[in-house]
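I have a structure here, written as structure tokens, and I will follow up with some questions on it.
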């Protein structure tokens, strides 16, 4: 069953597995996952491979070798592989439609889930939000019964992309989403950035929840502040960090 | 006073004690217990024994040997045993009436207790809930004064079973309950699963609390989503995990 | 300045200092104190001495030897002693008026402070509360300007005792109080019990806060449940624990 | 590019760097920062130097040597220095206008940010607040679009100072502020005190949030209690601590 091009550099693959494994462990260290509720993947579009966490394996015993390798359609490429995360079809769909991303993270982190369960976008209430997300973090529409029963995980990707396309949202400017009733997906150009975005999303979801308790008027950050904070960290004129 | 059938394999008993001891420690590591507020038991129906935590012993000094062995009515089977958890009669009652369960966990975990104190079922607001609990997590009715004064711990079991029978709830599909004003009981086919269900119950109780703060309409997860998430993890067509 | 009866057994004194020191450290381990916001004392009524934490000394560098020894009026008994906790006069007042207690704990633990700042008693919403506190945890009246400016710390004790006497509350049945706008004091027959009561008070304060968010009717635990849970742990017919 | 007066004692500079580095690490240990969201600086007015955290460097790998040295206008004084925190102009502005302060701390600590995002002052609800802050912790006005686009970080300092001057607030009596939509700045006569004030600000912000949930009347601490608690810790008649 070895379908993978044998010429793929084993070093590149092992490095991907190592990064994906480390990123999964990082989610637990950041208190974003309970039990096995989280998964990270990375894509290498040139080589045509995705590496993703196996399904239901505890973080404590998980090894880099156990990371699962698939092609860009999510088909297994290694013999004796463990089953991939059941959310793999969502990752595959996102890689197909969001050209600029190379890693996807899914968690059930508490505060992001609370917003997802409330079916609401997380409004941009402050600069902590604006530093990473250039606008509200969208929440998807409810999947139809047919979508759920036919291809649930793929169509979870579909409703994410649908929302970004309908509202003309740039997935690199808003590198995360809430799937209604379920939880957050984040992404990035690197696996570390995708994990960082998952950390930020839960943190701003926490802050936004109690900002609303304190301020029933729900005032947003002015747009010029949103611009200022997003662009002092991103794009050609960024001046935050050592880059 | 050694009433236990001497032919019981000591190895089996020691293994049960070890598992129950470890499960009690796991509750503390998962931040579900303060002081000594929690207890775990396991039943072996064939051998006719229950192993349960002793009453009021601190986790830091508790040993596997101290776990208390009783028959299926809760009568002590070992000489010089410590007193069992005062909640033992609840465990006994649950084992008698819920045929498929082999372990019971009781805690005063914060968020589950908040719901128990509010006297409310935890509604299924999301897939994190549906992955483990196939519907609302029920809260029992208040015990009557007579029940409390006559056989409080046994009748705590009775009102749990009453709620499950009245509402036709399958205890394996909803492996947990809130006893009103008191706190959660969870159970499972193994002691590890019962502990895991206690972890999940507190987590979804936390998420549900603030979902209501964010969404005053209290929209539930659609039933077809509840089905999808429960059955992708449970039953013949489950496809989550490596099993 | 050595005023202490030289015949006091140094062993007894060192043991008291050790216990008080350990109890102060236990507050920090239980996440009840930030910075130096907490103090524990123990009294030996026969020997006529109180041992209390020094004022403003960080937990990390605090030693058993630094614990401050006073007589029952709060006068220093050792040469070169550090200054005692500024709350000493409150401790002294409580020891004088609550005959059955041998230790006092004061913290600024978060959830207890929230209730103190709201000026409200913590209602008995559940059995976790009833296991330790046989009724609402009272909040004192506001001190008058004159009381604050004249003998603030002593009169903090005075308003505590006033509330217990006015409402006929037994300080051993309700081993804690909230001083309005300030925070909790707890006590007990031993220093370990007083610390434990501080842990329980903050935990039930946390649970009660969000019980109210979930249940706007604010239903209390029935009195017969309060009785049941309090008396299964306390008094002649208690059956909880190994005692 | 070495512009610094060569006669500056290297020992003094290294000590400043060490203190600023340790203070930055202390923020992380106190759970006040996520990722790299925080910065600390110290000024030596006689020597005319400021030492501040570099921009965007992870705490785990940050070294004392990497701390950035500038003059009192924020101009770099060492060759091959890393880029300073992007908030440096705010620190510079505060040092210029608040004569008594020698250190500034900025974080995105959760509870302080919630209040900043709500655009509200933190009211003095209790003595934990009054022990450190002699009155409400002010929140700045929104910056205008022109201010944001012209000199955002400097004018963040400007709106802070404007609020203190307009309301006649002594920055040593209220050693912290919320910048609207953004987060807290605190300061002090030493870097340790500025960090401590950041810890206290987040703690009292947390307590104040849920005090309001419990007490819809939002009663404040009486002024004579505010006086008592502030002045038992500060000024000529302070009697708290060993000082």
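Going in written order, the chains are labelled A, B, C and D, and every chain counts its residues from 1.
As a convention for this text, contacts are C-beta pairs under 8 Å (C-beta built on N, C-alpha and C of every residue); 3 or more make two chains touch, one makes a residue touch a chain.
Computed from a predicted structure; not experimentally measured.
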Inset, instruction - Specify, for the interface formed by the sequence copies chain B and chain C, whether it is same or different in terms of residue numbers shared by both sides, with half as the dividing line. - result: different
Legend entry - Fitting chain A to chain D on CA atoms, where both chains share a sequence, rotation angle to nearest 5 degrees: 90
Inset, instruction - Could you put a whole-Å number on the gap between the CA centroids of chain B and chain C? - result: 34
Inset, instruction - Express in whole angstrom the distance between the two chain centres, defined as the mean CA positions of chain B and chain D. - result: 48
Inset, instruction - Name the residues of chain A that each touch 2 or more other chains. - result: 213
Inset, instruction - Counting only chain pairs that touch, give me the topology of the graph as line, ring, star, complete or other. - result: ring
Inset, instruction - Return all touching chain pairs. - result: A-B, A-D, B-C, C-D
Inset, instruction - Using the touch definition up top, name the residues of chain A that touch chain D in the complex. - result: 125-128, 196, 199-200, 203, 206-208, 210-211, 213-215, 219, 221-222, 224-225, 228, 232, 239-243
Inset, instruction - Report the residues of chain B in contact with chain C in the complex, numbered from low to high. - result: 34-35, 37, 54-57, 82-83, 86, 108, 110-111, 113-120, 142-143, 145, 148-149, 152, 181-183, 209, 212-213
